Amino acid sequence: MEGLTPAEQRELDQRLQKRQVKEFMTVFGNLVDNCFNACVDDFTSKVLSGRETGCISRCVIKSMTTQARLGERFAELNAAMTAEMQQKMSR
Amino acid sequence: MEGLTPAEQRELDQRLQKRQVKEFMTVFGNLVDNCFNACVDDFTSKVLSGRETGCISRCVIKSMTTQARLGERFAELNAAMTAEMQQKMSR
Amino acid sequence: MEGLTPAEQRELDQRLQKRQVKEFMTVFGNLVDNCFNACVDDFTSKVLSGRETGCISRCVIKSMTTQARLGERFAELNAAMTAEMQQKMSR
Amino acid sequence: MFGFGRPQPTSAEKIAAIENELKVVAEMHSRMIKVCSAKCLDKTYREGELSKGEAVCLDRCAAKFFEAHQIISDQLQKEGAARGFGGGM
Amino acid sequence: MFGFGRPQPTSAEKIAAIENELKVVAEMHSRMIKVCSAKCLDKTYREGELSKGEAVCLDRCAAKFFEAHQIISDQLQKEGAARGFGGGM
Amino acid sequence: MFGFGRPQPTSAEKIAAIENELKVVAEMHSRMIKVCSAKCLDKTYREGELSKGEAVCLDRCAAKFFEAHQIISDQLQKEGAARGFGGGM
């Protein structure tokens, strides 16, 4: 993982930024799909009802909290695994 | 967003064409999955039955009509939203 | 489709390798999702139970056998279709 | 849809920004097709033509999906600014 | 699978065309795995080996999926030419 | 996650390798969000906050998903070496 020149590092950073935008768009898209699917089932009107917008808003909050929580867990688990792998490799 | 040079415009057009091909392939793939899933459930034969091909054919027609209809709606909604955003920005 | 220069062939090979890595990652990701979804439903513990790891392991084996089998079928069907298309085109 | 507000964009950045914008739109479109087809279409496919009911349902679903997309986008921008959404990625 | 019929393709275009062709095939393969696994496999995973019934089901599902893929592809080319499919994107 | 073991990597290869590594991680993360949300969240959304039960379920699901990911990865490397997994693609 180490030993990148500054130019390589810059190239990598650019790609990672692109990846993050893409990643964010996927997460956002899944969130829209999920919350719409869970909250909207009435097609007698073409405007979201108060009940539907309320449900969507709560769904978004819950999804964000979920993502933040799973992000923390993931980081912890990943750090633990990486440490373990480096230990194995250095033997 | 405006103010592209001809060279930039050409580059953009090429990318958009690529995107369209990709988009088409996704839509096509989803269509195959959907229509196969909805229409084929009998695996006592390895050839599609008349009932199955009929169902698939109707499913394709309906999916295409659906896509055309949603494409129109989407374009209308998008145009309305863009106009609204430009109004907000020009204030 | 034939008639690539060696440089073109090399470029193509590189892209195909990239594609294969990507493809493998998708297949692997789907496998994890499927086997986890099918085998893990108890969240009273944060460690996989023996029953769960057993189920996951059998799921992985079955999925691999399935993929190998479908890979063979796919290759056969694809070869048959390509031969048929080439026959049509050469007419 | 997402304003980035860069100072002086290069050629590549301008093209990427437009491409991205269009990608967001295209993805939203294909998600709408997926979601609204699932919500509105009779899956038996006994008929090849859309029924009146299905057609109306699709129109309303499209409008609601668009609205939902916008309110979620707005909400994320507000909450994201406050909470730092996406920091875990 | 999709003939484009360009007059004199450049290097980049030739490579892109082949790549695309292979992508279509690879995607179809991975979709087949997904769809046929869902249709044919017993999801309890009490056994790690494919049963005879599952194996036969997979073979037939593969053949039917391939056939469906082809007839849909043909139908889209015909109807697409007539109706301008995909124009909304 | 997947060791390739090239002799002397070029710049592009080094960057691609790191990018790939991070892509695997990012994809795993987003899959975890999808799977564990489906397993643990009450889909009625009568509450916007996570309940205690949901939160604990998410934590355990994350740990189990991670563990599953690792044992599957290990198993595939072993069996893949023996059987030539992925050769059909």
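All chains are identified by letter, namely A, B, C, D, E and F, in their written order; residue positions are counted from 1 within each chain.
One rule holds in what follows: a contact is a pair of C-beta atoms (placed from the backbone, for glycine too) under 8 Å apart; a residue touches a chain by one contact, two chains touch by 3 or more.
This one's a predicted model, so the numbers in the text were calculated from it and none came from an experiment.
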Chain of greatest Cα-centre distance to chain D: C
Chain whose Cα centroid lies at the greatest distance from that of chain F: B
Pair from B-D, B-E or A-F with over half of its contact pairs in common with C-F: B-E
Length of the line joining the C-alpha centres of chain C and chain E, rounded to whole Å: 13
Centroid distance [mean C-alpha coordinates] between chain F and chain E, Å: 26
Distance from chain D to chain C - Cα centre to Cα centre, in angstrom: 29
For chain C, residues contacting two or more additional chains: 23, 27, 35, 39, 56-57, 61, 67, 70-71, 74
Residue list for chain E, restricted to those that touch at least two other chains: 23, 26, 28-29, 34, 59, 63, 88-89
Chain D contact footprint on chain B (complex, rising order): 1, 4-5, 7-8, 11-12, 15-16, 19, 23, 26-27, 30, 34-35, 38-39, 55-59, 61-63, 65-67, 69-71, 73-74, 77-78, 81
Contact footprint of chain A on chain F as seen in their complex: 11, 14-15, 18-19, 21-23, 25-26, 28-30, 32-34, 36-37, 41, 43-50, 55, 58-59, 62-63, 66, 70
Parts of chain F lying in touch with chain C, wherever the complex brings them together: 16, 20, 23-24, 27-28, 31, 34-35, 38-40, 56-57, 59-61, 63-65, 67-69, 71-73, 75-76, 79, 83, 85-89
Residues of chain C defined as touching chain F within the complex: 18, 20-21, 23-25, 27-29, 31-33, 35-37, 39-41, 43-48, 52-53, 56-57, 60-61, 64, 67-68, 70-72, 74-75
